[in-house]
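Both complexes shown next keep chain A, but they swap its partner, so chain B is in the first and chain C is in the second.
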Partner chain A sequence: MATDFYLALELDKVDLSGKVISVVERQGGNANFVISALMSHFIDNKTAICLLSLHNTFGHYRNVGMKFGKNLQKLKEEGSFKCIEMLKTIERSVSDRTTEIDFLFPGNQKDMPLKNLFLTIKREAELLLQTQKSVCILVDDLSDLFCLGYSSSQVLSFYQYCRSLIFDLKSCSLVVLCHSTDEDIESMLTVTGICHTSYLSVEVCGLNTGISGDVSGVINIGKRDEANSRIRNTYHFKLEEKRIRVFPPGASPALF
Partner chain B sequence: MLHTLEQGGANLLKAIIQSYVDKKIEVHVACFELPVSSFKDVIRTSPDSVVHYHDFFTDHLGWLEKKSDKEVKDSLESIEENKSDNFVLVIDSIASLIINFGSGSVYKRLHRFLMPESKVQHVVTLLHKDMIEDFEFDDISHLASTVLRVEPPTERSHGRPLCFVTHKTNKGKVLREVYYFNSHGQFVANLDYNYALYIEIKKNKVEHYSVDACNKLWSEPFKESAPSKPVKPVDVMADVTTFRLTLEDKEKEARSQLVLPYLRNEAASENSGGGVIHYVPDEGDDWDEEDPDNDLNI
Partner chain C sequence: MLKKETSATNRQVGNTKVPLVRGSRLSLRNAQLLVSSGVCSLDNFIGKYEKISYITLRKDNKTKCLASSCLTGGGLPVGTLCCIEEDRFGIYSELLLKHYIAEGVLNGHHNFVASYGSEAEQMVETLPLPVNDGGTMMQGNQSNEQMKIAWRYENLQSKESSASYSQFGHIYDTSKFMDREKVSSAVKFWKFSNNSENSSGCSLSAHYLSLLTSIEKEIEAVGCKVESPSEKRNVVRIALCSIGSPLWSNQTDSKIDFGKSEAELLTFVYFLKALLRNSYAVCMITTPRLFKTAATLPRLRNVVDVGITLEAFADSDKEVNELYREYCGLLRFSKLFSINTIVPHSSESLDLAMKLKRKRFIIEKLCLAPELSGQSDSSSALGCTSSLLSSGKGTCSLDF
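This part shows the complex of A and B:
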C-alpha cells in the first residue's frame, strides 16, 4: 500500500514518542496522502489517534481509511480514535452558540478559543492514554488557523503548547500538517518555526516542469543527523487508487 | 549564535553551557523552545556546580494556569535579581522571545542585561536567522560581542559543519575565524573546544586547537583542502587475464612513428619501381589517430 513511503521515512527505525513530524504542503502539492499514510502506520502499530481536523470532516477520513483497509468508524467506537471536528464546532458557534471553542465570536479574549482548543486536545489525549499504550496527536491543517484570523505568533504558541503536551504525557507523538506559499510571509515563518523543532519534515510539492501522468509530485524528506545538520532526500511519487509509489527522481516505474 | 534550518546550533549551545558549568560559573538557562529535560539530560554537573533552569516552554501564555503571561515576563526580570554576583544567562531561542514579545522589547531587555550594573556576566543566545527579519537580526547582532554562525558542511569541510566566529574586541578590532565542529553519539560535551575558543578570544587571538582524545566534541581551524593529486589509474584487468592490454610509453612512441604502408611516403616511393596505392584523406574524412576500441571496458 505505502511500503515505499514508509521505507523512505524510515519510520521503522525509531520510536516516535516525544517527536514531531511536520508535513509541509508547498504550492502545487497535496499532502493529504501523507496524513492518510501516517494514520495507517500508527493504527498498524497499535497507536491511538487524536485527530484535530480543521480542514475536513470525519466522513472524509473514514472514506480515505476504507481505501487503506482501515475502518475508522469501528476504531472510533472501540475508543482508539478520536476526531475533534472544527468545521462542526464552527457551525455550532453560528447556529446555537453552545460551543466553548467559539472562533467566530471570541469576545475580548481572542486567544481563548485557541486555549480551549488546546485544552480539548489535552483532555482527549489523556483519555485515550488511559486505555491505549501510545497516542499520536494529528493536526490537519494548522495553517487553517490563519483563515480564522490568527497571526503566526499565536499559531506558533498553539503549536508550542501541543509540543509541550507530548513531552508531558510521554508515549505521545505529534504530526502537524501546514501549507505555505513563497509570497505569504506569515505562513513561511510558521512553517520554518515548526520545521526547526521537528524530528522529521516531509515537504510535498508539485513538479517544477508542470503536470505529468507518471509522476504526481515531489517529496523532500528532511532529517537531522548527529551533528544537527539537516539531511534532505528528494523522491518522486505517484498516487494510485490504493497505493503510493515512491521512487528516486528519474526512476518512475512507467519508464521501465 | 546564529543557526538555520539547514544547520542547527543546539549541540554547540549545550557545549557552551557545559563549558561554563565545568568552570564552576553559575548558569541560568531560560528554556523557551526546548524542554528543560533536553538540557538537564545532557549537561554534566558536579556537587559544586550551579545550574538553574527556567521553564518558559511548558506554559508560556498561562493556558495551563501554571503561570500567567505577566508572570513569564516577571520571571525574566527575576533572573536578573539573582543573589549571585556574576552569572551567565543562556536563552535557548531568542526568536521565540521576539515572536512573543516583539524585537524592541527583547532588545531593551538584552541591553539591560549588558549594562555595567547588571549581574549578568555573559548572555548566550541561539537565534534562528530564518525566522526573523533582517533588521531584527542587525539589532541583536549589534549588541553581541561574539557572533557564532553555524553553517552546513561543505565539500571542503570533510562533511563537518562550519562555525564562523566574528569577535569584536574592546578596542574595536574585529576578528574573524572559521572552525568546523562535530559531535558523536549523545552529546557529552567535552568543552575543551569552547574553552579554547573562549580563552583565546579573551586574549584577542584565536589559535589552532587540536582534537581531544575522546573525540566527543572536537574542533580545528578550517583549512582549505589541498588540491587532490592525480591518481595513477589502476589496471582493473591485471588480475583477470594474463594478456597485457595496455601499452607502455616506449611502445606508444614506437607506434606513433610507424608509417603505415598505404600512406604516401616520399622516400619509399622514389626508390620503389612498381605501382603503389596511396590513400589521401579528404576534408570530410573522419580520420582518428586514437584506438577506436579505447573506450570499451574490455
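This part shows the complex of A and C:
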C-alpha cells in the first residue's frame, strides 16, 4: 500500500521514539496521505496514537484507515487510539453555548493561551502509556491555529511544549503537519522553526508546471544522519485510492 | 406506500444507511452525498472522478493491460464549505450564488441567505428560472391534454416521477426570474440580533457571532443535525454574500481595525466549517479580495473545502482581446476537497472560463480560438496601411 513511501523515509531503519517528524504542505501540495501512511505505520508497529485533529473530523481518518486496512473505530474502543477533535468541540460549544472552548481564544490565558489544549494532549498521552508500550502524538494541521487568532510565536511555543513532552515521556514520538505559503510570513517562520528541530522532514509540493495524470506531486525528504547533518532527497509520487507510489523524478511507472 | 417512499429516500451503502435527499446523489468514489451547485457545468469540474477499469489481454505469452476510463459526475459534498473569491464588480459571483439558491428552491431544500445589508433580499428577487431540456419554462402552463402515442408504448410505465426526484442540477434562464412568492416562502433571511451572549470570551465580533448562532439555530430547527433523528432527511443550503467585506468589521469602535476584522473572518469560517461538518448542510460564501493582510487569503483557502477564484474581463484589457472573444471571465480552483480519501480531487483542467450566453451561464474549459481570422485581419489592416503609404496605387508592397 505505502511500502515505497516507507522505504523512501527509511522508517524500518530507525526507532522513532523521542523524535519529531515534520510534514509540510507547500503551495499546491496536499499532505493528507503522509499522515494516513504514518498512522498506518505506527499502528502496524503496535504504537498507540493520540491524534489532535484540527483540520478534519474523525470520520475522515476512519474512512481513509479502512482503505489502508486499519479499523480505527475498533482501535478507539480498545483504547489504543485517541482523537481530540477540535471541530467537534467547537460545534458542541456553539450548540450548547458553553465555555468548553476557553482555551481557544488568546485573550483568556495571557501567559500561555494554548495551555489547556496542551494539558489535554499530555493527559491523553499519559493515559495511553499506562496500557500501551509506545505512543505517537499526531497534530493535523498546526496551521489551523492561525485561523483561531494565534501568532507564530504562540504556535511555536505550543509546539515546543509538545516536543518537550515527548522527551519527558518515554517511547513517545511526535508528528506535526503544517501548511506554508509564500504570502504568509508567519506560517513560513513557524514551518522553518519546526523543520529545524525535527529529525525527519517531509515536504509535499505540487508540480510547478501544472497537473499531470501520472505524477501527483513532489516529496522532499530531509533527514539527519549520524553526524547530525541534513540529507535531502527528492522523489515524485502518485496517489491512488489505496496505494502510494513513490519513485525518483523521471522514473514514473507510466513511462515503462 | 409509506414503505416504498422510505426505500426511495434511503440507500444502503456498506453497513450504513445514507438518506438520499431530493436533488442529491451519492458519490461513487466515497459514498458522499453530493448536491448541485446550480451550474451543471461547474458540478462537472468539482469532484469529478475518473473511474479506471483495467482489461488484461493475453496474446503470444505477452500480457497487455488496457485501461479504459469513464468520468463520473461531481457536485458539492454535504457538510462542506465552498468559497468564491469575487470578481472585480461581483457580477459573476452573485450569478453563481443565485444559481445555487435557485437549485435549493427548486429541490425543496431549506435555504438560508445572509448579507450585511439588504443585498440578500435584492438578490433573491431575481433568481433565474429553470428551463426544461426541451427549452420550455418549467413554470409555464403545462397542457393537460392527452397526447396520442404509438400503441406499443401505451402500456409502458411512466418514468416521470422517478426522473424528477433524481434530477441533479437544472438549466436556468438568466433572463427570466422565478416567482417571488414561491421564492420568499422557500428562503429564510438572517436578521442581525445583538442578543447573542459572548459567554465563551470568543474573539468574534457581534455580527459574526449573531450569524453563527442563527445558522446553528436554523440547522437545529429543521432537524438537519447528524445526530438528530429524522425519517425524511433534507439539506440546508446556506448562502453568505460578500462576507469579509469592510462592512463586516466591528464598527462600534471609532477606528476600524482591518487586521482584526480579517482575523475574525478566519475564526468565523473555521467555526462555520465545524458546524457544517456535523450537519446535513452545505454552504457557499462569496468574499471580496480586499484584504489588508497578505496572509488572510492563503489561510482562508486552506480552511475552506472548495476555493473558486473568479476573474471577470469587464473593465480590463482582456475584454477587447480577440482571444477571449467568446468568454466573459476566467474561473480557477484554488482548492478542491480531499475528504474521506487520500487522493485530492483534481479538476479536469486548470484553466476554466465563464461564458454568459444570451440566457445561459456556462463554465467550460478555456479553449483559445485559432488565430486564422486574426491573421487575415492583421494582413488586411497592414494592406490598408501600406496602400496608403504607397501613394494610392492599391498594391500591398511597400515603396520604401
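Just a few scattered comments:
Here, the second predicted complex is superposed on the first by the 238 of 256 C-alpha atoms of A that agree within 3 Å, B and C clash if a C-alpha of one lies under 4 Å from a C-alpha of the other, contacts with A are read in each partner's own complex, and residues count from 1 in each chain.
In this section, a contact is a pair of C-beta atoms (placed from the backbone, for glycine too) under 8 Å apart; a residue touches a chain by one contact, two chains touch by 3 or more.
Bear in mind the structure is a predicted one, so any value in this text is a computation, not a measurement.
With chain A as the common reference, chain B sits beside chain C without any clash. Between the C-alpha centres of chain B and chain C, as viewed from that of chain A, the superposed structures give an angle of 120°, to the nearest 10.
Contacts of A:Y161 after superposition: chain B is touched, whereas chain C is not reached. Legend: residue contacts after superposition of the two complexes on their common chain; A:H179 is shown touching chain C, with no touch to chain B. Residue contacts after overlaying the shared chain place A:F58 against neither chain B nor chain C.
Of the two partner chains placed by the overlay, only chain C lies in contact with A:S187; chain B stays clear of it.
Applying the stated contact rule after C-alpha superposition, one finds that A:F5 touches neither chain B nor chain C. By the touch criterion stated above, A:K88 is placed in contact with chain C alone, chain B being left untouched. When the two complexes are overlaid on their common chain A, residue A:F237 makes contact with neither chain B nor chain C.
By the touch criterion defined above, A:K67 reaches chain C but does not reach chain B. Touched residues of chain A were counted for both chain B and chain C, and C has more of them. Superposing the two structures on chain A brings chain B to within 17 Å of chain C, judged by their nearest Cα atoms.
By the touch criterion stated above, chain B contacts chain A in their complex at residues 5-11, 33-35, 37, 57-61, 63, 95-96, 99-100, 128, 130-131, 152-153, 160-161, 181-185.
Here chain A touches chain B in the complex through residues 111, 115, 118-119, 152-153, 156-157, 160-161, 164, 167-168, 189, 192-193, 195-197, 224, 226-230, going by the rule given at the top. Taken together, the chain C residues at the contact with chain A in this complex read 29-30, 197, 199-203, 212-213, 216, 220, 263, 266-267, 269-271, 273-275, 277-278, 294-295, 297-299, 302-303, 338-344, 346-347, 350.
Against chain C, in their complex, chain A makes its touches with residues 30, 32-33, 36, 56-57, 59-60, 63-64, 67, 86-88, 90-91, 93-95, 97-102, 105-108, 141, 143-144, 146-149, 179, 181, 183-187, 210-211, 216, 239-241, 244.
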